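Common to both upcoming complexes is chain A, partnered first by chain B, then by chain C.
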Partner chain A sequence: MVRGALEQSLRPVLVCVLGLLMVVGSSPATGGAQQPQQVERLTIATEADKGNLTPYSFRPPPGIHSELVGLVYDTLFLHPYTEEPIPWLATEASPNADATSWTVTLRDDVTWHDGEEFTAEDVAFTYDYYRDGPPNRYTHHASDVPVVESAEALDATTVEFTCEQPCPTLDLITLADLPILPQHIWEDVEDPQTYTDLPVGTGPYRLTEYVEDQSYRFEANEDYFLGPPTVGEIEMPIVPDPSSMFLALQNGQVDTATRPVPPELQESLGEARDVELVEGKRFASIFYRFNAESPPLDQQEFRRALDMAVDRQELVDTVLLGNGRTGSPSFMHPDSRWFEPQDAAFDPEQAGVILDGAGISDSDGDGIREYEGEPVSLSIIVSANDPLQIRTAELVAQQLGEVGIELLPESLDPGTLSQRQNALDFELSSFQGVPHLIGDPTQMIESLESLLVYSNPEYEGLREEWFQSTSVEQQDETMREIQRLFVEDPPASTLYYPDTTYAYNSSTYDGWIPVEGHGIHHKWSFIPEAPELLGIETVAQRTAPPEEETGGRTTLYAVVVAGAVVLLVLGYFLLRRRSARGSDEDQI
Partner chain B sequence: MPRPSGAAWRRIGGRVAQYALVLLVAVSLNFAIPRLAPGTPIDYLVPSEQVATITPEQRERVLAQFGLEKPLLEQYRLYLTGILRGDLGVSAQQGRPVVDMLLERLPWTLVLVGGAITLATVVGGGAGFLSAARRGGRTEAWGLALFMFLDSMPPFWIGMLLLVFFSGYLDLLPVFGALPTSGAAGGFGLTLEFAQRLVLPLVTLTMVRAGWLFLVARSSLAGELSEDYILMAEAKGLSRRQVVLGHGVRNALLPLVTAVAVEVGTVVGGATVVETVFSYPGLGRLIYESVLSRDYLVLQGAFLLLAVGVILANLLADLLYPILDPRVRAESLR
Partner chain C sequence: MSGTRMGRVGATILLLFVVAAVFAPILAPHDPALRTTQPFAAPSFAHPLGANDVGQDILSELIFASRLSLTVGFVTACLATILGAAVGIVGGYLRGPVDTVLMRGVDVILSLPFLPLMIVLAAFLGQNTTNLILVIGLLIWARPARLIRSQVLSVRESGHVQAARAMGATHGYVMVRHVLPRVTPLVAAQFVRTANVSIMLEASLAFLGLSDPFQKSWGAILFYANARSAFLTDAWLWWVLPPGLCIAAVVVSFAFLGYALEERVDPRLRSTLPTSEPSSGSGTPMPVREDALR
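Presenting the complex of A and B:
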């Protein structure tokens, strides 16, 4: 009898264990490679009108420009922030011994959107046009750093570039940055800024419609040399208001947005149905430009003390809600291959000592230091359109107040701001670091002169050394040495590198790849071969359970199965012993 | 309606001449004001990190594409003669003729601003009259509180609230644009899409502007209703309805008409913010973008269009007065 009761009470346990075994046995535990997703149409909200997307249609931030230009146009190498040059329209490039001359071989299977063949003539024409024509965001890479003296088509697929000075990073940066124009169209364009036709490029997408301030429409270039892109049509409405933009994403009117999600929106947006967030790895920073001609900013010690008195961690915690990294004296972005890792010292006491040593001390006890008899009161100009930068400036003003420097934020409309920045009509100026500015060493050399007006005797020597470097390694080393100068003599004060988190609807497309310096909205997210060429996984590949995790889960299953077997065996023996004892008792 | 007499024609002629003079002043101010603001289009055409490396020749060359390198007086002369020819120059940002850009935006502005002014006049003015007619009652108290509240709210905030509720929470209406980006549907479908996208900006702009018209209509009718002739009309034994509608409202219309005419300019200004929140392709947004980029020629053109609009609205109001009010008619005859 006892045996029967026990058996009955154990039966549900046995059923459960068996059921569990069946479930475990049948559950799929496979990850593996995925086919690129093919999508008919995608809607991407973008924050600003960037003209008709020729290289000449530049507009200042906000908004992405070179990535949009890149949908239509191609470059000879992949993009300027890679570790190693990755051929794109070119197949290879080789320099001469002192890297002043390069022979570049081109693909022979590329056509322009209008069916014309792409040849070396187009490349030679483009570089001449950039060097001698009106300036745009790209031209100084051919006319200044480096000076591409000549680009000559040797035959249909070979171009020879000659630089005025050694140009060891020609393939890595210059050729990777400059979009190639079709000669048969641009040879007739006198005034590129008034060229309003839709652009013709070699890129994976044709711009088929552009309604200013309203929208872009791109159609896939089915004849693209790397095969048809994954998305047939891209609609790109221009939605300037951030709240409207993310609302449209939340209610499914758009599939993704090119504006990084502001820290305060990330939580609520991440909870929306199908909306996923991904760190895009775009290069971004906020830095303060100094007008080194305006006293006391002309004093190196003063600039250094100013830099030391800023608590960058507090800025990241308060303004970015922790979504970012503290600024480095190196100016470059930490994810750039040219970045020299150095930490900014936050030491208000030392800053005070330096200021006292430089004779900038508070002699009248009003809490503000004096320089040559005048209280040190500086103004900082900030864009009135950027609340994040205004908040930052207010906070920095508080921090500098602690060391006896008065900082007065002055917010200006973007037009006035650019004018005053360009005319050096400011003391400090809050500035947004764009990828091109903080990821590209040739731009860095240019910026030190034009943007940062840097004068340091040691730098002069290093600059010359940089120009004479004949190898990438040599240039890299010199660039690092230049960055090391910035600790003692900062040309600018980088406050922080904000994260660039993007939101996308995972149910409509998940082929996005975060590319260093560019974010996720660029042609490589639509080219099936790109993840492999770049060595970057798409967000789909990332979120699919990778091998390792699957392994972890298998272990879990094994433990469960083993546990169940042990339970069964234990149960069996328990039953037997009980029943044996029961029969013994019966005998007595 | 009496036919205008010779005197009336003279009066109209005088008015028109007066407005032409105002227009000339406005046109000159349009030329001067954008250029007085700090900054030039070049600051926007070339990235900051590069502006310092641009040679004076390159600078000249960029500006020459838009005729902005010429001396100011010459630019002014070209601007004036251009207006007469219907040529407002080329936008520095878009590289396109300004006239084309304005004409593209105008219909959207007419729909949005025209619709908002009409609605605001009907709703605000109507409620104002009602409130004055029921002075001292609960209608007046609530109406006054509601419209004062609306009047004091910033347009972008109302817009955002409506968006969050109708597009976000209820998911009823699209968030941005005037037409769907992928315009697959035609005919009725397209009209529906257009209407869906118009609702929120229109309601926002109406809500923002109705408050002021409410106040004007209310105080105007309240003033009229305290006049002796109203007492007289009541003494004659006319019904309340006849007194208010036939006598009070008719006279109270004049200030409302003036207020509506003045509104034209203000509403386009208010529309700037609303058009940005809803990504609506109107003139307001064009002006905003052009101010940012110091696109002088577009600003000149847009302000010219606005000035003409405001002047026309005022001229219309002026011409309406004698029709609405016999006293004005009599005065002009004297």
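Presenting the complex of A and C:
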């Protein structure tokens, strides 16, 4: 009787202990994943259709167009946000004394997806095509800043570039940004904007299927000059709705998502099985553009006071839940090598003083200042699709209200929004800063004229200086001086730089490398040699457990053994109580 | 549940919401425009339904939002019913080419794909409440017009109308004095129906982000909840469910009222004969008596 009871009550305890020991004993030795992981296929959810992925196919909203184009096409150097130029399709580039002419040597082992050989003629053709043809997101690098006067193929692997003015950043930015097109295909393309064929490039992936607004399918280019990529096939469904996208990730239906994880979701998504989060270091910002033609925004003092009255820390804390950095007057992203750090002075009192000094004060006591007899009431247009920007506008309106400026947010559908932005039919407008815009100084020079319509006499001089600079250091110094100018005369008001955290399923692929300005979804995450070339570790290398592994295992065993002892003791007491009760019953 | 009881339940629920809307500033624990706590705060004693993505109290938002939803419902229903009744009465009474033209117009409106058209119009006209009311109102009057017309067709043949016409009464006089009173119960039922539809439509458009996102409405609360991932976290319990239930409750209350009213108009819908309910004399259907007299 007693023996039976002992056996019965001990059995579950024993099973538990044995089970625990088995689990611990059988856990495989993790870590040491130095060999790049080979994966047959990956599913990556992306948020928007980006056309057929030629350099001409860009369409709003901004997303990872450049990175997708980069899967198919290659550039001569890598990538526009590095410190030093890294050769890619090129092997080296050397400028003449005043950096107006460059001689670039190319690799000779590269072929196009269709088997044709890649030569210097393709490079020369591409630069001519970009300079003289219809504009796209890349062309101003060849037609405007800088003007690449000629690109000439000297022989099969040598190209000579000549710029109108000195172009010291040619290898660092221009050659690192512009995808090279195959001459044998593009010389017959009349209108690249309506070109609908699947693209042919030299890149690590072939786009084999594109269904508009639905999906992309990429297949690995096994003949890639750096060896076959690590992932054989990439399936890319287009999922515009964030909730569906992250639900699919949580359920393991997709392996990663190109949309940054919103701050409110990070905790619960991070807890999901196998889902890991990584800071992608993509450059992002939200900024307000002024219409400097509409009074009182035409007053420099007013724009400055407006910029000063915005409490950016409150925006970061409330809208981003702290997952971001406050905007800087520099306009550039703080992680860009061209960024000149400056304090955004939040000082509503000083803003009030400046406004009073400019004659914009509240004369009738209704809490709103007047300018030339009219109350200062500005509208701000934001995209109705972006709740974060809508909330930001609401908060900024409250903050400006404190200094007596009325801001009326107006949300518009994306079509109307871009129409009114292009027609300059607004007073303030909310914009999303993309890496290209806030990381690259040549784009900055371009944008100050085209997008921001910046006019400042001092800037005119600096701009000329920038164009005459013959070294990267000189251009860098001028760029910093231009940014210092923005404290007094802001071209736009950068509110914040949100973090770009991405989620991926670590059980399916962990070769992702976060590249500054690009996030983790780009070709370098699939090229075995890329971590070495770029000098960046993959997430697997980063999260690999430290060397003191055995020590950790011992502690674990100690804990398990202690737990088992406690369970046994508990079981023993349980048994004794039960058998005691049993014998009581026997006596009765 | 008998029609009358349904009507009473519906009226009670609706009354509760009207009271909440009217006394919102007294009932709401906080000002919904102010950020009174942490963003995404979970429910607590001070904030029974937690806080939204910028720290505004959700319960207060919900109470204030009933103002917009009910206003849109009532105003749109007024617009649609007046338009529908006018078209129905004029068309049905005058017959002939006027009727043909009006009814073809009704056909066009009825055959339009509803929600897609609303979305296009809302996006095109811009996002404010007046536009929203106009858009919904101008799209949902066709059904009431068709129904009212069909009843007018029978009313215009009835004795007293014929008599009035014989005595030389003008069309306008007859339509207002004799036809309108006879179709009033139907108009009332249609009013309730359109109010119902427009509240649903307002909520759908706001949820899709096509109404003014700076206005508090139940649909807008759901829009932010969806946009800020409430469906993927526990927050759906206090951020999605309550506005959803509010919309459902108001829609159900209107539906109950509608059933009750329709039952009065159409005795065939009654589960019991009129004689078994002698006390409800006021609602004795006219058509029965009329036919008996003839």
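One rule holds in what follows: the second predicted complex is superposed on the first by the 511 of 588 C-alpha atoms of A that agree within 3 Å, B and C clash if a C-alpha of one lies under 4 Å from a C-alpha of the other, contacts with A are read in each partner's own complex, and residues count from 1 in each chain.
Keep this in mind: a residue touches a chain if its C-beta (ideal position, glycine included) is under 8 Å from a C-beta of that chain, and two chains touch if they have at least 3 such contacts.
What you see is a predicted model; the values in this text were computed from it and never measured.
Contact with neither chain B nor chain C is seen for A:172 once the two complexes are overlaid on the shared chain.
After overlaying the two complexes on the shared chain, residue contacts for A:321 are found with chain C alone; chain B is out of touch. By the touch criterion stated above, A:390 is placed in contact with chain C alone, chain B being left untouched. Taking chain A as the reference, the larger set of touched residues comes from B, when chain B and chain C are compared. With both structures placed on the common chain, the touch criterion links A:527 to neither chain B nor chain C.
After overlaying the two complexes on the shared chain, residue contacts for A:413 are found with chain B and with chain C alike.
By the touch criterion defined above, A:268 reaches chain C but does not reach chain B.
In the superposed model, A:250 lies in contact with both chain B and chain C. Residues 243, 247, 250, 413, 415-416 of chain A are contacted both by chain B in one complex and by chain C in the other. Of all residues in chain B, only 37-40, 43-54, 58, 61-62, 65-66, 90, 92-96, 101, 160, 163-164, 167-168, 171, 174-178, 181-182, 276-279, 281, 285-286, 289, 291-294 touch chain A in the complex they form. Residue ranges of chain A in contact with chain B, taken from their complex: 41, 43, 45, 49, 51, 58-60, 134-137, 140, 144, 191, 193-196, 211-215, 217, 233, 235-241, 243-245, 247-248, 250-251, 253, 413-416, 418-422, 431, 436-437, 443, 446-447, 449-451, 453. Across the complex, chain A meets chain C through its residues 242-243, 246-247, 250, 262, 264-265, 268-269, 318-319, 321, 384-385, 387, 390-391, 394-395, 409, 411-413, 415-416. In the complex of the two chains, the chain C residues touching chain A come out as 35, 39-40, 53-55, 123, 126-127, 209-210, 212-214, 223-224, 226-229, 231-234.
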